[in-house]
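Below are the structure tokens for one structure; questions will follow.
Per-chain residue numbering starts at 1, and chain names A, B, C, D, E and F are given in the order in which the chains are listed.
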Amino acid sequence: MSKRVAAFGEVMMRLQVPGYDTLAQADALRYTFSGTGVNIVSALARFGHTGYLVTTLPDNPLGEAAMAYLRKLDVSTSLIQRGGKFVGMYFLENGFGMRPSRVTYTDRLGSSFNQAPEDSYDPADIAGNVDIMHFCGISLAMNDTVRGHMKRLAAAVKQAGGKVVFDCNYRPSLWGDGGYALAKPHYEEMLGLADVVMMNEKDALHILGMETQATDRKEQLLDLIPQVAGKFGISVAAGTHRSINRDNSHSLQGYIYKDGQFEFSDTLSFMVYDRIGAGDAYASGIIHGEIQNFSAKNTVDFAAAAAALAHTVSGDTPNASEAEVLKAMTQMMPDVER
Amino acid sequence: MSKRVAAFGEVMMRLQVPGYDTLAQADALRYTFSGTGVNIVSALARFGHTGYLVTTLPDNPLGEAAMAYLRKLDVSTSLIQRGGKFVGMYFLENGFGMRPSRVTYTDRLGSSFNQAPEDSYDPADIAGNVDIMHFCGISLAMNDTVRGHMKRLAAAVKQAGGKVVFDCNYRPSLWGDGGYALAKPHYEEMLGLADVVMMNEKDALHILGMETQATDRKEQLLDLIPQVAGKFGISVAAGTHRSINRDNSHSLQGYIYKDGQFEFSDTLSFMVYDRIGAGDAYASGIIHGEIQNFSAKNTVDFAAAAAALAHTVSGDTPNASEAEVLKAMTQMMPDVER
Amino acid sequence: MSKRVAAFGEVMMRLQVPGYDTLAQADALRYTFSGTGVNIVSALARFGHTGYLVTTLPDNPLGEAAMAYLRKLDVSTSLIQRGGKFVGMYFLENGFGMRPSRVTYTDRLGSSFNQAPEDSYDPADIAGNVDIMHFCGISLAMNDTVRGHMKRLAAAVKQAGGKVVFDCNYRPSLWGDGGYALAKPHYEEMLGLADVVMMNEKDALHILGMETQATDRKEQLLDLIPQVAGKFGISVAAGTHRSINRDNSHSLQGYIYKDGQFEFSDTLSFMVYDRIGAGDAYASGIIHGEIQNFSAKNTVDFAAAAAALAHTVSGDTPNASEAEVLKAMTQMMPDVER
Amino acid sequence: MSKRVAAFGEVMMRLQVPGYDTLAQADALRYTFSGTGVNIVSALARFGHTGYLVTTLPDNPLGEAAMAYLRKLDVSTSLIQRGGKFVGMYFLENGFGMRPSRVTYTDRLGSSFNQAPEDSYDPADIAGNVDIMHFCGISLAMNDTVRGHMKRLAAAVKQAGGKVVFDCNYRPSLWGDGGYALAKPHYEEMLGLADVVMMNEKDALHILGMETQATDRKEQLLDLIPQVAGKFGISVAAGTHRSINRDNSHSLQGYIYKDGQFEFSDTLSFMVYDRIGAGDAYASGIIHGEIQNFSAKNTVDFAAAAAALAHTVSGDTPNASEAEVLKAMTQMMPDVER
Amino acid sequence: MSKRVAAFGEVMMRLQVPGYDTLAQADALRYTFSGTGVNIVSALARFGHTGYLVTTLPDNPLGEAAMAYLRKLDVSTSLIQRGGKFVGMYFLENGFGMRPSRVTYTDRLGSSFNQAPEDSYDPADIAGNVDIMHFCGISLAMNDTVRGHMKRLAAAVKQAGGKVVFDCNYRPSLWGDGGYALAKPHYEEMLGLADVVMMNEKDALHILGMETQATDRKEQLLDLIPQVAGKFGISVAAGTHRSINRDNSHSLQGYIYKDGQFEFSDTLSFMVYDRIGAGDAYASGIIHGEIQNFSAKNTVDFAAAAAALAHTVSGDTPNASEAEVLKAMTQMMPDVER
Amino acid sequence: MSKRVAAFGEVMMRLQVPGYDTLAQADALRYTFSGTGVNIVSALARFGHTGYLVTTLPDNPLGEAAMAYLRKLDVSTSLIQRGGKFVGMYFLENGFGMRPSRVTYTDRLGSSFNQAPEDSYDPADIAGNVDIMHFCGISLAMNDTVRGHMKRLAAAVKQAGGKVVFDCNYRPSLWGDGGYALAKPHYEEMLGLADVVMMNEKDALHILGMETQATDRKEQLLDLIPQVAGKFGISVAAGTHRSINRDNSHSLQGYIYKDGQFEFSDTLSFMVYDRIGAGDAYASGIIHGEIQNFSAKNTVDFAAAAAALAHTVSGDTPNASEAEVLKAMTQMMPDVER
């Protein structure tokens, strides 16, 4: 079953130093375009759905480059507005071993996406063209106009009978001095509109200010997520716990909470080539499982395998097909396919 | 004779698509750091002077990269402030033949340079450390705070017995709706403080609103420049006339007006590899000639040769030594030096 | 006015040695995907139309790469079949000056496109979805099955009220020993179905075996094209005469014959970066002019400017927008746009 | 002791995406030329022998590039025929961690090697010029003409007093629907001509259809190989068992069966940079040990070390010298040699 | 507290094959400029001191490139002489896993540094401008003129009240047939002038010919270093013990001996990107700790962390800031900093 | 008719900055191996002869790389000695337009070739294996040992009935203070041994100190060359006159003097990609013409076309086949060959 899935979010230009040099050592960059929304709908397009991005890009050579890149990713650009002047950017210097990677942002608040006027998007029209729409906490941190877009679009989708997905994705640096207190009412509003929510116990504790007696992460999760789901009328909640092992491999376990039940994936361990965007791969896996009516256990296993595979791919954007994720789930990948 | 020469201006990150692809076709960029001030003091360092840049750069990986790049160019960084958050940037796509090059800016008004607070620079201290200081019309277009820095610094240098160089460098796109009317008083103030001015007849006509009966460019120049010099008490005015030939070669003739006399260089024709920054090479040649007490004719010939050579070098920043410029002036460059 | 334009043709993988080395000297290649049909509909998409490619690509990593590349070019892939095993390829070594470029083909007859079975495409369905469909003589040279696809598709489009464009594009090496004799009946059949034909006097003389007293190329053209148009009921015929100048620049003049009248463009001269695909840019310009109801003179000027610009772009595929072509027509391109 | 060693086999062009991108993500390829025969004689040339390749390459720029590359590898090209039109090719996308590498072939059946006519090679002449000749199961899978070349050449070498080496190298995808049944008689014929055979228990079980009570791989080997050697009159049989460890390192143990005795190398574990061609390094080590009259134990240790080293080298083709292999056998490799 | 630190030593051009190819496989190189002295003063500049290099470079394009690179590293070039004709060079081929890296030198004895005449440097002038000066055993191996420079400079610094640092850094290949016997008197002379010495027990045993009953490396160290310090009047001795683990990670423990006491760092284990220059990072850490009056334990921990970080950076030259080393010491590096 | 042609000369490593950056701006190099002897025998191998290089290379990774590169060029390495420690090198920075290219040498006098002991080569053995042997004035400038090799080898070839070719190739920078006076006797000795000589009127005037009344270059040539040929018993003298045109194209005219007659080629004008090595292409053309018994006019035309083509090829070494040179002679090269 193929669905029409839209995502609302900014397109960021990622400028990455090749190899392991710093910006001060190097003189060349590779660039791609990404963002949570891009990653989500591109991944779902690879799973057979039609993925639309709802965003605003400038009508200049950088905007053209972003549009071409999105089309290459099989993202439908028919709902993208053109206007404003700038594209948000970040520079990425790869770390190595004990030396951490570094991300440096340009001034994203002036971007076309963040400066798009209130009437940029037609909520009713968009809602009429999509079955599912995805929003995330990064956009929610931008400014009041962006928050207004989000709430009107989510409400319109809900009203038109579509499903709303919300990924909490709280980034402390984006909320500035306001912090959790500033964020809380906006998160509550989005949670109230959402059918599927990507979150874990930390979001409940810190953003929503909930409390629990439990001290272990997993127990906190088991305690808090059902409360959140109940309070906000959420059908499906899902998320991951991750850790980095001594040998630089990563481990990840996914959970899903649905119909009052938790299901957990196996804890997967894997070598990491590029970790950015793996959370979006997980969310895409959950959405795909829901669309396909996989069992909850199958959905969480599929999403965890999709997330693991996303760590092996360059760039932010997952590019595994459904067949490749299913194959990864069987754990019997051959060494060379020929 | 080696002098201490400072320039005030923004450091821009130049992100260039290699070869002749557009941003939409390519996936890699080369980056350097430049700006009028950078170009001027780097060129003068190659001529044997000590070149200081007065600017503000962020204390982050992009700022580090800019600092390292400036040191590589032999620009002294001891007068550079660190603060703010962003570096101004522009993307460059090379044209080919009849297809023009394209430049796309990011939001430079939010840069560390343009956001540096009023008391960022200590005019008296800077004036005490330099013999000559260079300013340009690009900085003058930024905002009132930057204009304030410029005027205070120029006044301090003048008061301390140093020389002030001002390059009119009017860029219509930077002055927005205000245009010439907005620019005029600020230009007049800077011209009043300047000893050496880079300009031509168009600046007199459009910025200063002067009039002439002459219709030919050269005649306009001969008519207007002495009036400007007289009105603002300018010792030396200099500039170029350029044209592009049918075979893609460029031609350039420099002029200097000093002690009531005009001198012109030969009209030089040359193949062009990278034209950005050639005007700054010309200005550097004029400054160097003045420092060395070259005759006016020698100065304008040296400056014209420096400008021509700058078209043959990648990047914005001229890198010919005095010996290489002198050799180019003799017009007898060997094919391969070995 | 935006139209739906389809093209039928093979997608070729172009593997190009960077710079001017030969395959024996180098160790790296750049690759893109192109073909006459790709070039036509991609160019028309840049002019604001919806461009569909009708072709067959394998369901393997090379096919995926081709699909992604086509989407990037804004070619709609919804009419592309997946099947077969191979992608046609050619290797390109750039010449320099008196040393010619070299093209080496792999075995394209085994490609998915050339092996696609007779019932691969649904002519009625395709005809119902497009306003204009483009075919070319390269495809016509492949094999009987491909020729069958072409004739059925062209007939269906015609029957559905759409327009058929046919580019003669005769390549001697593709017709082997059969040569013109083998080609003639197939060309006649396609000409009989076509509304718009890209050709010149050589096609009339050699393929169709027509005769003329004239010896000058232009006089031959003036004599023969009206006869061809009359015989096959062609509304519009168009083409170019090209020559290479001593300084390596190229010159090109376009013609159009419509409503019994010839119109010629100015003879344009320009520097060449990559000449492959420039003929397709010309054809796209003619089609766009026809769609927009430009005057015949405007159409031929637009097409000639589009062809000239295509020589300045890397890769086979033209990428100028309508605005860029119009700007080139005014002949007043600035040196650097900023 | 230096011998003249020939190998019969196809030269393949390997087109590899640099780094870890897929063909759909990347736009550049690196190319080399390889093949089992190439690898074998190039490795033996590095060990001090004269290595000839017997194959057919087209007389076009791709053939030239292949010839130049073979000479660079120190492969003698004096027995190579020029003719036909195509070079076999494969595209390689590197996997990372749990994401497998992918190989995509072009249509190799149309290659010059596979289309070379029956009388392309002069068996008596070739046999007169070589001491040892190597054949492999990949060539045996191609078509009847190629199989005819192999059998005639092997018979001629045997008759002229040279030694025949045969590497079973069964690739299921190459035998198509015919599978083991199609392959069996051809393998039996080649085994009957061979003095030295590269194989393991799986070849005996599946290709030759032999049976054993043993279930453990090593026991199967100990049971079956002596039977095969006896039945076909083979002097030396050798091969490896490999496994991939959890930390992505590989382990490999070699065996040799000679004069009724088995010898095994230590199980070597090592990090892997490029695993393609490591089996050919092992075969080369066995052949070199036999030429040099190493003890069987020394031969198998040398071959195993050569195979391990081949995993650390880019490209298919082993390039360790005898001294480097001997040094690796001592297990005391310094960190940096200076 | 910021000090003026000079180092005496040669600038080497490092020409490295990218990736893991050999010189025979590749066709491109990356180059940087380094050397023990370069590494020391560049690292100290990153820690906030002023770093001067005392060396000689030719006045040609290679010398210019070296000068620019040193400035980029924030090395002050005001004490560098220009003269002679050549720059010392070495080629580096990266090993992989069990395949070792290879270093190939050009003829460094003819370099500008090694041919600089006796009166090249003005010891008194240099001593008057620096607080600390670093020398190393590599320079000591060059020739008598270089040894003369070292001894005169060290004596002058000592006399002017500055501190002398000497790194034993014995390289057998540089001393040729003379070996330890040739080296000993020169080492003894430098040790007699030094305040801070980088060495370990092997230097005492082999260069100085001392003896100990202990057989364990650490016990030898505890026995011999106090004797060396006593004999030569050394205030601070420091060094490292390193080992390579089975999983290719490295382990390193630093020691410092000061005021009759030993302090040891933790044994740090870490993944290695580029190991060349890590010993210089350690020495820089010791010098910085001494300047800042860190406790001996803090100094050795800081130096060990600096050394570990240096293994994660491309090129020979450490580039961690003090803040980055302090952060590494806390062992709590985040995965991605954003 | 295929001949065995040897050349005696040094193999130089050419390290070239890609594009048009200087060494101070760039951080990467491309490398190849060349030299007059390499160029000559490689070009003749492309014309169908067997080309041997007589030289000495070190037995280290640089020597291996040179050997592999020579084999790739189809140079037979069987007469190459291995020994010594260093390879001669030069760095090349490309100029652009009025900015000249720059060549910087490393210390080539210490190279394996220049340090090879007197008995390195076996003149009688080499003379027995070759039909023609080429020497050049660059080697003659090195040192007495190299001059000794040259004279013994040339004498042995002559005695064995082979032909000696000598290219005057006088490079002022290599003869140092000695200049023409130092060179003259050695040149006279080589001219006395030579059958074919590459030279022009300047060599006669400056090296041999001859005099003429003529002032025009061509008249000087017509006057002096017959005298030289007579005096030294030279069968064939040949050379070129070159000039650089205002549009950066080059013009070249070849001459040959044989049997008392001069023949001149047409003056060819062409665009230049890489001019180094074009003189060697001319010499190769002369040698090939002589081997094939072309008429003198045909030989000089072939050589001139070969030289012109060599300007269009990257690297020092010509790579045109005989067919490609013949095609270039017809002046009708197509634009793209497909």
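In this text, a residue touches a chain if its C-beta (ideal position, glycine included) is under 8 Å from a C-beta of that chain, and two chains touch if they have at least 3 such contacts.
In this text, all values refer to a predicted model and were calculated from it rather than measured experimentally.
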item: Touching both subunit D and subunit F (chains); value: C, E
item: Over-half contact-pair match to B-C, picked out of the listed pairs D-F, C-F or E-F; value: C-F
item: Chain whose Cα centroid lies at the greatest distance from that of subunit B; value: D
item: Relative to subunit C, chain with the most remote C-alpha centre; value: E
item: Subunit A and subunit B: spacing of chain centres that average the CA atoms, whole Å; value: 45
item: Approximate Å spacing (C-alpha centroids) for the pair subunit A, subunit C; value: 42
item: Between subunit E and subunit C, distance of the C-alpha-averaged centres to the nearest whole Å; value: 64
item: Geometric centre distance via CA averages, subunit E-subunit D, whole Å; value: 47
item: Touching two or more other chains - residue numbers and ranges from subunit D; value: 22, 24-25, 27, 68-69, 72, 102, 247
item: Pairs of chains, among all present, that meet the touch criterion; value: A-B, A-C, A-D, A-E, B-C, B-E, B-F, C-D, C-F, D-E, D-F, E-F
item: Touching residues on subunit C, where the partner in the complex is subunit A; value: 68-69, 71-74
item: Touching residues (chain side subunit E, partner subunit A) in the complex; value: 72, 247, 270-273, 308-309, 311-315, 319-320, 324, 328, 333-338
item: Subunit E contact footprint on subunit F (complex, rising order); value: 15, 22-25, 27-32, 60-62, 64-65, 67-69, 85-86, 89, 91, 93, 102, 104, 106-107, 110
item: Subunit F - residues contacting subunit B, complex; value: 19-22, 24-25, 90, 95-103, 105, 171, 173, 244, 247-248, 275-276
